[in-house]
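In what follows, structures are represented as structure tokens.
Each of the next two complexes has chain A plus one more chain, namely chain B in the first and chain C in the second.
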Partner chain A sequence: MKKYRIFTAAFTAILAISMSYGQSSEERGLQIAKAAEKADEGFGSSIVELKMTLKNKNGQTSERYLTTRTLELTEDGDKSLIVFDSPKDVKGTATLTFTHKVGADDQWLYLPSIKRVKRISSNNKSGPFVGSEFAYEDLSSQEVEKYAYKFLKEDGDMLIVEQDPVDPKSGYTRRVATYNKGKGYRLEKIEFYDRKNALLKTLDYSDYKLYKNKFWRALSLNMVNHQSNKETLLKFSEYNFGSELVDEDFTEVALKRAGR
Partner chain B sequence: MNAIKKTKNAANAFAKNWANFVIRYKWPVLIMTLLLAMGLGSQGKMEFDGDYHVFFSESNPELEAFDALQDKYTKDDNIIVVLAPKNGDIFTRKNLIAIEELTAEAWNTPYSSRVDAVTNFQHTSAVGDDLYVDDLSYDSANKTNEEIEGIREKALKEPLLVHRIINEEGSVTAINITVRLPGEDSAKEIPEVTIATREMISKFQEKHPEFDVYTTGLVPLNTAFFESSQKDLMLTMVMLLIVIIVTLILTRNIFATIATLFVVIFSIVSAVGFVGLNGIKLTPPSAVFPTMILTLAVADSIHILITYLQKWRKDGLDKKAALVESMRLNFMPVFITSLTTVIGFLTLNYGDVPPFWDLGNIVAFGMTMAFLFSTTTLPALMAIFPIWKPKAVKTNKEVTTSGYAKLGQYVVRQPVKLTVISLAIIGMLTYLATKNVFNDEFVEYFDNTVQFRQDSDFINENLTGFYNVEFSVGSGESGGINNPEYLQKLNDFEDWLEEQPEVVHVNAFSEVARRVNRSMHGDDQSFYKVPENREEAAQYLLLYELSLPFGLDLNNQINVDKSESRVTVTLQNNSSAEMIAFAERSEKWLRDNTPEAMNSIGVSPTLMFSKLGFRQADSMLKGNIIALLLISLVLMIALRNVKLGLLSIIPNVTPVLVGFGLWFLLKGTINTGMVIVFGMTLGIIVDDTVHFMSKFLRARRELGYDAKDAIIYAFETVGKALVTTTTVLLAGFIVLSTSSFALNSYMARITVIIILAALIIDFILLPSLLILVSGDKGKVETPSHVQVQLDK
Partner chain C sequence: MRKIGKNTIFAMVFLLGLFVGKSQEEKEKPIHDLELELEAEYRYFMDNAQFPGQEDHYPSIAIRPEYTLEWNKGYESINFTGFLRLDRDDKRTHWDIRELYYQKAKNNWELSLGLKKVYWGVAESNHLVDIINQTDAVETFDGEEKLGQPMAQFSYITKNFGTFDFFYLPYHRKRTFAGEEGRLRFGTVIDKDDLGYESGAKEWRQDLAIRWKHYFGIFDLGLSHFYGTGREPLFVFDALGNINAFYPVIHQTGLDLQITHDAFLWKFESIYRNADAQDFIALVAGLEYTFSNIDGNGLDIGLLGEYLFDERDELALTALQNDVFFGSRIAFNDVQDTSILIGGIADLESSSKIFSVEGSRRFGSNWRMELEARIFSAIEPNELILSNFSEDSFLRFTISRFF
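== the complex of A and B ==
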């Protein structure tokens, strides 16, 4: 999942940023997004396990365990493979997603109970991911091309940028993202505004860890829905960047294999 | 006898002193009462609460069950915008474009979380191992005629759409806007949503006159409650006008009319202050308080004023003496009638419907203040105002007096006959009264002049039902909704519900299970059945969860730990009795056909309203008995006669029985608003009895009359006053009966009948009974007309 890539930054990118004045806020916003993308370039692939905790308005919770494999691609969006480890009755169910910089993503689903792979064609980016407060579009790889940008303000190391989705099917009118310039342009917070431009959700990144002295990864992501008062917490185990995944690990056959 | 005389003298002396004090310090008294009224009024706040939840007390078990269900699943309110194209066909390019447009616009509704329309319905189709999930009609402008025909076919086959979003003919469609109100301030949130949707709809209609648009749903229902509160509040103005006219006619004195206005306006302003101080939010039942206070308070003033003017005009007393005399004569009766009215209204607190608690408390407070102002502000003002000789002092009083006397003579001639006839009629009507049935259909709370009612009726007839019942069907284990046995039983329940004649639509999780199963088998219809093993069901559910669009999640239908699922049954308009019977039938089916964990009780706002009348009646019973006991006790003390106090129960209770008996002949169904009338009218009609009996006793005790002469005396002295106050009360409740809100209008209508019945009973049955219990029928009827006249 490339999205974590932009939450991190590279030292080189800082140098690349010109702090020249006279830039329009649109240009500066785009520049920041590009800097963030650049800072996370080159991680190759990663494997991470995560626990997803869903909490409803009354505080009742339910948990899911997943494993995510991500392969970085530069010419197009990243590939990812997610396997459900629990609850027991969905163990082994797996999804394979090819994100695209332009157009609908490709998605396959493997169901162990019928031992079949189903290809799913859907424009449904704004829908929730398995009942969580995260939409697909929040989780899929954050390509720079997917938004129009507007720099809003600077607060110490924090750069606040408005991101307007290009896709008309997005569930949002805009997102307001906070980048941390001093920590490799990693993301600290995103606020999501719904179609009527009311604050819908806030995503907070915490427990950041630096890998390979270059890639920042938040080990805890908390999404709060202000309208439904539901929350979803993602807790990541240690990232494994050493697995050297390749294209063959992201095919229908691999999907079946991963699901067992 | 001496003791009685003493207390009586004490009371007289107190009233006299009070009057003298008020007259001497007329300016300070006036200013003090003005300050009191203004001070209370400055705390006043008129806020409205339109949320239908206000009709249910926190301890209401139906509300508890409903809240519990809403806690488990997503809690939503909605607005249903129904579009009926004039060409009678949804599926034309032009109409689909318009629907898409309005759907997009509807996402801008404040607090909206989801908009469902025929166009954005997530349609799933399967070709081999490929699944396609897409909007049923996206970008309709670029669809070919064949594609549009295809859309029609898919839509009209879709069980999730037909009878919910479109009708079977495809001529009417709905856009369902789900809103998630924060619930912090319904007085702010509901109008915000309403204004936005109305604006959106009027813009749409301007652009697309080829559509008829109708609106219903829970938010419009709340708005209708809201607006009928405000409308009923406006009835106050009508009543104020009536008060002015009635006072002018009865007193023929402009100053008396002004003074009366001061009293009633001070009373209402104080009551408004009470509303503000207690943070009461007005609802349709409680918003009628100003009209009620006006109606009830004006009687106090009129009694005092008429006596005052009479003493001055006819008996030639000077201004001050006439005022003191009037206060002396009226202080106790006004006090007692105010007290009984306050008791009557306070007993509304025994009911189970909070808006009526508010009504009871506000009016009780207003009446207390009305008593205070009638005995302070009123005499002070009359002492300040000059008194003018009316141009024509000539009255037809002689004629009316003899009219009442004649009625009295008629009654005393045949007390036994009249008692028997009266009791026979009362008995018959009492029997009929028990035949009334409860019916609280909240759509029918609004009469046909209300837009919400008209629109809801159209939608009920042409698209779907507004009434529903929900069941949370448990599996007994976490994740148990994927148990094939559970799914099969749930499917059976769904099938059984579909067969019921009153059911319009059923939404159950078993339908989802069937649908996904079919999709996973290349849309093979033979797999339109629930999965047969648990892993399969769980994984299909995961797939389904992955396909849900923005604003929807499983929580609409499934609880968090996946142990229960929600079944929503949409019904045709049904009476309360039918609703309750349906819910019980469904509960019984679950008990008979499913394991214990799956047993569930039906809940919904509709069902809550259906049971509201019964609940209110049960809880009011105690309040009514207490009201009757307390008021009878007050009467015994006031009349200083236990026997007559007990006897008074008959003329006080029977008008209500007569009222409901006649109501059965008129309508036959009663609602929650009418349950309160016993306690409420008891406090009002008892006044007639008090006045009549006290005059009867006065004639017996002070003038030494026999029973029959005492009756005639009572007729002559209070006959007119009773007719006058009854007229004022009738006017007030007739004004209220024009309310478009049935809880108020039905209550007012039956009160009109009861008050009228009370007067007739007090003129026919009460005197007959008084003669019979006095036991001196042997005495020869002596013409005591002269004596009576002398006494005046």
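== the complex of A and C ==
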């Protein structure tokens, strides 16, 4: 095992050297995105509760509580089920999303008052998620295939990569992401540039916690909108990686059960 | 009321038996959750009443308690939703157990026992295939409020062939109609106890239903069949003009299809209903298109259009025999979840039209306000059903507090 690790380290070093000298910035950008994906492979499934605090430009806040279940898939994008616990008038409202590496995601919405499941269009990527500063596309599973990459610069362990959304329906011309090479290529920061290429938002990841000695999860995500001066803070509870969720936990039947 | 009581006992016995059987296996602590909604409502009917006894102003209050007990990581639960409304119309003053059921899910199946609500379908202006629950006809005009239905529901999820739902429905619940003092009623006040059953077993006829639901890429397809006492009463008129109304035993096959392509939702629902006294098809077909995030601030404007057809013609209780529906759904996606739905249904064979506006917005984190207007416009006097409502255009305002 130790031998293997040394080998990996050596291999990574060689890779890094070859990357900096022999590769185009596009290739290196893609390499980093793939390394980040690889580092997070094998988590299986997770359940996490989160508190979303919306802050307007006058500092007034309102809160939402949600539970997110995620199922990792390798051949295609992940599946996720999000349930609202508050505000109380929308309690039980839930969404089921099948992310696809290529093409539009499949998404269903559950409305608990009339017990209705409605397939919805995933076209609206750029719109705000429940009035927050997070767009739907910011919260969907980050598949490598959804962006074109360009390596910008290296600053110690920090690798800064430009990500250009493949989908023309994205609200961004580009995102500038900071990966932390020394910490399993976890994301530290993303800057979002709007369709006019002006800086729109900054997302900061903090309170990182390492699970199963492999998976980094930020327990705090803060999105600041520089144009509207509004903010949204996501505070996560402990991640539960032990629930061993399966495909059947991500069906219409499970969606209705989760929302009740 | 007495009959609802019977339902309740029926469901309780079911639940108790299962709960006692299961409780010994528990290891983790069950999770309790109690919620309460208090609603104040005011309905104002703008036109003078058509029938004696009807009022113009209807203040009302409603209570909706909800309780959930969950264990086994949420794979087992007991769910309760109650409902009580007090209104000037003594028939609209009513209570119900919307849901009271035990549920267990394991691997690829799920079982629910008790009173429950189930929704089928994809269309907006008419809900044809949705047949499991009786409509709470005094509660809202759109028919989306339902009574709790006693059932055993078994869902079976397959890997490649979609989901199969099997329903055993041991008890039928009658529809309640507005009382003498109520609006949105016929000239003759219909007491629900005046309506009989075709089946000799009356409300205790044991009914069955099955539904298959699957999705293939952009297609969501549902096929269903119901065999039992229908939820809609059948009105038969004899030569002297007397009404004989009863609940027939029906076979109903339903199909619902939605194609979700880019920002388009293409929708189709159709039923074929067959009974000794009745044999017809009905359908609704339409689309929904959403212009999303128009202002870069989350404003969504959806456009809706649907065509409605019912072979029963003027006997269709929904009065939607050959009509078109146009609407627009405006969602601001703001912190208060402000949304507006504007719509209109026009009869293609007459001047009759119904317009509606529904809006809602949250205040703080525990209050919600709703506004609704329905306008009956140029209703032709010869419309069998709608002519009774021609003077019943109304405004409805509600404010709810959630605890």
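Methods note: the second predicted complex is superposed on the first by the 239 of 260 C-alpha atoms of A that agree within 3 Å, B and C clash if a C-alpha of one lies under 4 Å from a C-alpha of the other, contacts with A are read in each partner's own complex, and residues count from 1 in each chain.
Please note the rule applied: a residue touches a chain if its C-beta (ideal position, glycine included) is under 8 Å from a C-beta of that chain, and two chains touch if they have at least 3 such contacts.
All values derive from a computational prediction rather than experimental measurement.
Once chain A is used to superpose the two complexes, chain B occupies space that clashes with chain C.
Residue contacts after overlaying the shared chain place A:I120 against chain B and chain C alike. By the touch criterion defined above, A:L109 reaches chain B but does not reach chain C. When the two complexes are overlaid on their common chain A, residue A:K196 makes contact with chain B while staying clear of chain C. In the superposition on chain A, A:V253 makes contact with chain C only, not with chain B.
Legend: residue contacts after superposition of the two complexes on their common chain; A:G242 is shown touching neither chain B nor chain C. Contacts of A:N58 after superposition on the shared chain: chain B is touched, whereas chain C is not.
Applying the stated contact rule after C-alpha superposition, one finds that A:G42 touches neither chain B nor chain C.
Of the two partner chains placed by the overlay, only chain B lies in contact with A:F84; chain C stays clear of it. In the superposition on chain A, A:G182 contacts neither chain B nor chain C. On chain A, the surface patch touched by chain B in one complex and by chain C in the other comprises residues 54, 56, 62, 87, 89-90, 114, 116-121, 123-124, 126-128, 130-131, 171, 194.
The part of chain A that touches chain B in the complex is made up of residues 54, 56, 58, 60-62, 84, 87, 89-90, 93, 95, 109, 111-114, 116-124, 126-131, 135, 171, 194-196, 198, 227-228. Only residues 71, 74, 107-113, 122, 129-135, 138, 180, 479, 482, 520, 533-540, 542-543, 545-555, 560-562 of chain B touch chain A when the two sit together in their complex. Residues of chain A touching chain C in their complex: 54, 56, 62-63, 86-91, 104, 106, 114-121, 123-124, 126-128, 130-131, 171, 194, 243, 246-248, 251-254, 257-258, 260. The residues of chain C lying in touch with chain A in their complex are 35, 37, 68, 73-74, 77, 79, 103, 105, 107-108, 110, 117-119, 121-122, 144, 146, 155, 157, 159, 163, 213, 215, 220, 258, 260, 262-265, 290, 292-293, 296-298, 300, 333-337, 362, 365-366, 368, 400, 402-403.
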